[in-house]
Every structure is written in structure tokens, then in C-alpha cells.
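Okay, here's the structure, questions in a sec.
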Amino acid sequence: MVLDLFSPTVQHTLDLIGIFVFAISGALLAVRKNFDVFGIAVLAEATALGGGIFRDIVIGATPPAAFTDLGYFSMPLVAAVLVFFLHPQVERINGAVNVFDAAGLGLFCVTGTTKAYGYGLGLTSSVALGLATAVGGGVIRDVIANEVPSLVRWDRDLYAVPALAGASMVAVCLHLDALNALTSGIAAVATFLLRLLALRYHWRAPRAWNRRTSTVEVE
Amino acid sequence: MVLDLFSPTVQHTLDLIGIFVFAISGALLAVRKNFDVFGIAVLAEATALGGGIFRDIVIGATPPAAFTDLGYFSMPLVAAVLVFFLHPQVERINGAVNVFDAAGLGLFCVTGTTKAYGYGLGLTSSVALGLATAVGGGVIRDVIANEVPSLVRWDRDLYAVPALAGASMVAVCLHLDALNALTSGIAAVATFLLRLLALRYHWRAPRAWNRRTSTVEVE
Amino acid sequence: MVLDLFSPTVQHTLDLIGIFVFAISGALLAVRKNFDVFGIAVLAEATALGGGIFRDIVIGATPPAAFTDLGYFSMPLVAAVLVFFLHPQVERINGAVNVFDAAGLGLFCVTGTTKAYGYGLGLTSSVALGLATAVGGGVIRDVIANEVPSLVRWDRDLYAVPALAGASMVAVCLHLDALNALTSGIAAVATFLLRLLALRYHWRAPRAWNRRTSTVEVE
């Protein structure tokens, strides 16, 4: 059973927004890497749907929602067309893209955790899959673009931590049997705000202790 | 239910040919990248079977055909051995390899779309999975070889478009209930010819509009 | 049915040790690549669990064991914390890490082959999946770290061959209906020793014959 947190329409609209903003980030990287128009579409699709497809395959929910809901599939194409024509303008509102991406992060970690739990996984595994749903698309994006995933780089603002916090809040609510539209909304908003704060104040995670200077620098 | 377009023997033979030519392209890249003999075999297997394995996992057809049909599994090993000993000769007939690869592309986009539809996916999703079957192996090949996938590079001749055209023709035939050996053969041949024309006349897809010169060049 | 080779406790302990040592290798690469603490944890998890998750998804055993057994999931986090604080010391005992990694290789190729066969795959496919279980995590580790997988590089000591030998021994035992704790233990130890010998004497696999000097060098 999949928990219905919100009315189906609200849930679906939120999903589509999350997919759209993740697709924008994929399409922008594709433009920066000089891909052709089909490469832009491929990277938009992979970024937006990759995390959810991984989650659905792991929990055995095949075919994944990305292949049964035409809206999920179409959204990244819209984003790709938009970025194809308007990428200088989209780049200029980079701050806005980051805000939307943070919203997608908050949304996906909540829905990912909830869906995994609904398919019978334990709380810890559900948190892990919620995190994977939220950050997986970005890792796939960077792997296809032949870059070190920004998720694991020390010189990027915290990304996994807000999603981990949000997924953990959902798990606590599930444990207390207190997950509903309000509490999951709070978890999504908390993730969103944490990510914005990390961006605003450049919060970063430490690298390994006592790093020698001879370690390879990831440029 | 999986649609049987051709007699099982014909279908199987065509599949084996497609797998073989894709494996050749993987093995040749492995030689160029200086991999050892096991790396050549690994890249041949991943290139030839990766797209189909992804499709089968997504539609829930586990274990994938690549793991239940010994012929599918053995073909890339034959290709790897051949390239290991004869790669200068194989390189010299690069044109021939491209022709075979185009044949594999045509075949895989048709069978991938048909199989996905047979497992209950919608027409659009079936086209997407047909495309993924045809081009997925090449993306996995390039990711393992640590290169930007040639699928998304602007400086490569059209590859996704012919497969997309072929998969779409299959979808139209499915919609009209007119898919049979003849029409799917036509779709495969059309894909094949489109790809050959793209190679011959260096058809390329445009990059994003108004690219600034400061974009990172993918060398 | 999954074959029970050892008592559940022994089997589980061996699995945890294998996961732990693979996680150490992932965490060490993350430190070398200058990842932050979350990147270290991500790479430890992906290295340790990636091969098994791939196997379980392919054979249809969803959700994969990595998501149902909390011990499997926690072990890489322990390894990540350890490497985070003590990586200079862990590096210094690199020989010890290689020994443990060889033990993990032996263990995983045996359990992977056995599990795949228990889910109804043929002997050849079971060997392929046993090999994938043992070496898959390392390939995922190197792909995320944006490096050419050490599995396919000619300048690395034999890694796939010992695992292939071990998986094949298991397959022969399965064919002869002679797989038990003793024979599978022998297969694991043989893999372990072969890998140690390959490390000790720098056994390497050949590259393609007649390589021209103009081939791209993988640095």
C-alpha cells in the first residue's frame, strides 16, 4: 500500500514540479557541456527520473512510475526545450533554479521515503531510499556528463544533509504513526529551508581528518 | 504476452546479429582505451547486453533474457576474442562495423519497443524503452570507458533520431493494430537507412541556441 | 530457494566481513579523491553493496538484501567513519586491506553464484552473476569516482580471474550436486589465494595483440 499523504491531484502536481526543476538542472549542465539537443533531453530525463526509477526498481514497483505516467515523462522534455531556447535567461536566474531544486529535494525525499515504507521496507532502508530518490538523479546526471558527482565533492554546499534530515523526520513520523499531510509538509519545508540556508551560508561538510597535501585534488 | 513478429528462429538470429555488432563496438573501444583482455570482454558484454538488461529490469521481466539465453551471453565473448586478435583488421573495416551497428540499432529499437508494449506499457513509454534498448548499451559502454557518451555529443552523427523514428513507426503500427513481420521489418530497415544517411552526410543535431563561447568544450 | 551453505550465523558474519572490507576500499578512494564525509559514506555504501544490489535486481529478489538487513547497510558506515578518522593508518596497512579485499572477493563470488543458481538461473549465468557480485561494487566505485574501472585496466593485477575461477568451481560443484560448506569454502579460499598470488607476483592479463603505439594511453 502506498500512503496517500495529500489529495492525488496535489501530490501529482508537487511531483511534476519536482521533476521539472530537476530536469532544468540536468538540461543546464548539458548546455554547459556542449551536448546537442538530444543530449539535453537525455540528461534532463535522466536527472529528473533517475532517482525515482532506481527506487521503484529496488522496491520491486515495476514498471516504475516514470514509465506509467505520461506527465512524469513529458515534463523533462518541456524543461529541455525551454533550456534549449532560453538557457542564457535560465542561467541568469540561477538563484531561482536553486530555490526550485531545493523544493524538489524536499519533495522527493519525503515521497521517496513514504513510498519505500509503503512497499514494506524498514524505517532505515526507507530513509536510505528516500535519500536515493532525492539525490540519485543528480548522481546519474553527473556520471553521464563525465564529472565527479557534485553530491560527493567537498567544495559544494550541503545537499545530502537536508535530504537526510527530511527523510529522517518522515521516518520518525512513520514510527509514531503520525505521518499526514501536515507533518510530511513540515518535513519537506524543513528540507527546503535547510538547503537554502546551506546555499546562503556556504555550509560544507568536512573532508577526512589529517589530509595530506599529496592527496589528489579534484578540480 | 510478447508479440512474435517473426518465426522464433529468425527473431533469435536477428537478435544474435544485433548483439554481436554492438559487442564489436564495445570491444574496439576497449582496445583503443588499452584495456586488458578481460576488460575487452567486460566492455563487449556491457555494450551488447546493457540496453536489453535495463529494459527487462524496468518492465519487470526478470531475470533478463541476457541471463536466460546462453547465446545472448556467448556472442559478446566471441566478438571480444575476434577483436582481441584481429583489431587492426576490424578497425580497417570500420565502415563495415558502422553498417552492422546501424543494423543492430534498427533491430533493437523495434524489438525493444515491441517487448515493452507486450509487457503492458503505454505507447509512449514503449517508444522510450525501445530507444533505451537501442542506445543504452552504448551509453553504458562510454560511462565504463570514462568518456562522455557519444550519444549526447554534438560532434557525432545522428544516432538517437533514427532509433526514435523506428520506435515511433512501431508504436504507430501497434496503435493501428498493424504490427507484423512486414511492418516491423520496414521500421527496422528505415532506422538502418536513416542511420547510414546520417553517417554518409554527417547529419548532426543542433546545440543550444545562442551558445556563448565561454561554454566548456567537450574535447 | 536459496542454498544454505553454512549455518546462518556463520554465513551472515562472513557476508558482513566481505561488505566491510569492500567498504574500506571505497572509503579510501573517496579520501584520495578529496570527497567530503558524506561522499566517503556514499562511496563506501556503493562499493560494498553495489554488486549484491545489481545481482538481486537481476534475479528479481527485490527488495535487495542490502535494504532488508540493517547490518549490511550499517557496515559501510562503520568503515566510512573509521577511514574518515584513521585513513593514514589504514593506508599504511594497505597490504592488510588488500588481503581483506581478496577475502571479500572469494566470499562474494561464492555466495553470488550460489544465490543466483538458487533463484533458478543456469550455471553459466550464475557464474556471470557471481562474478558481477564480486567485482560490480568496485566498478560502481570507480565510475562514481570518475575513474577508469581498475577491473578493466591492463596495468592492474588480476582481479576478475580469481573470482571467475571461484565462481566456476562453485558451478562445477552445483552441477555435480556436491556443493556444501566444505566445497564452497574451498572455492572461496582458492579465489582468495589466487588473488594474493596475483598481487604478490604482479600477474597481469595481456592487452590486445599487435597494439599500435598510437592507441590512447589510459593514464
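A, B and C label the chains in the order they appear, each numbered from 1.
Just so it is clear, a contact is a pair of C-beta atoms (placed from the backbone, for glycine too) under 8 Å apart; a residue touches a chain by one contact, two chains touch by 3 or more.
Here the structure is a predicted model, which means the values were calculated and not measured.
Participant: Using the contact definition stated above, find the chains touching both chain A and chain B.
Facilitator: Correct list: C.
Participant: Same or different, please, for the chain A to chain C contact, judged on whether over half of the interface numbers appear on both copies.
Facilitator: Under half of the interface numbering overlaps between copies: different.
Participant: Please report how many Å separate the Cα centroid of chain A from that of chain C, as a whole number.
Facilitator: 29
Participant: Please output the residue numbers of chain C that touch at least 2 other chains, ranges allowed.
Facilitator: 57, 143, 146
Participant: In their shared complex, at which residues does chain B touch chain A?
Facilitator: Chain B reaches chain A through residues 57-60, 119-122, 124-125, 128-129, 139, 143, 146-149, 151-154, 160-161, 204-212, 215-218.
Participant: Under the definition above, what is the set of chain C residues touching chain A in their complex?
Facilitator: Listed in rising order, the residues of chain C that touch chain A are 30-40, 42-43, 53, 57, 62-64, 67-68, 70, 73, 83-85, 87-88, 143-146.
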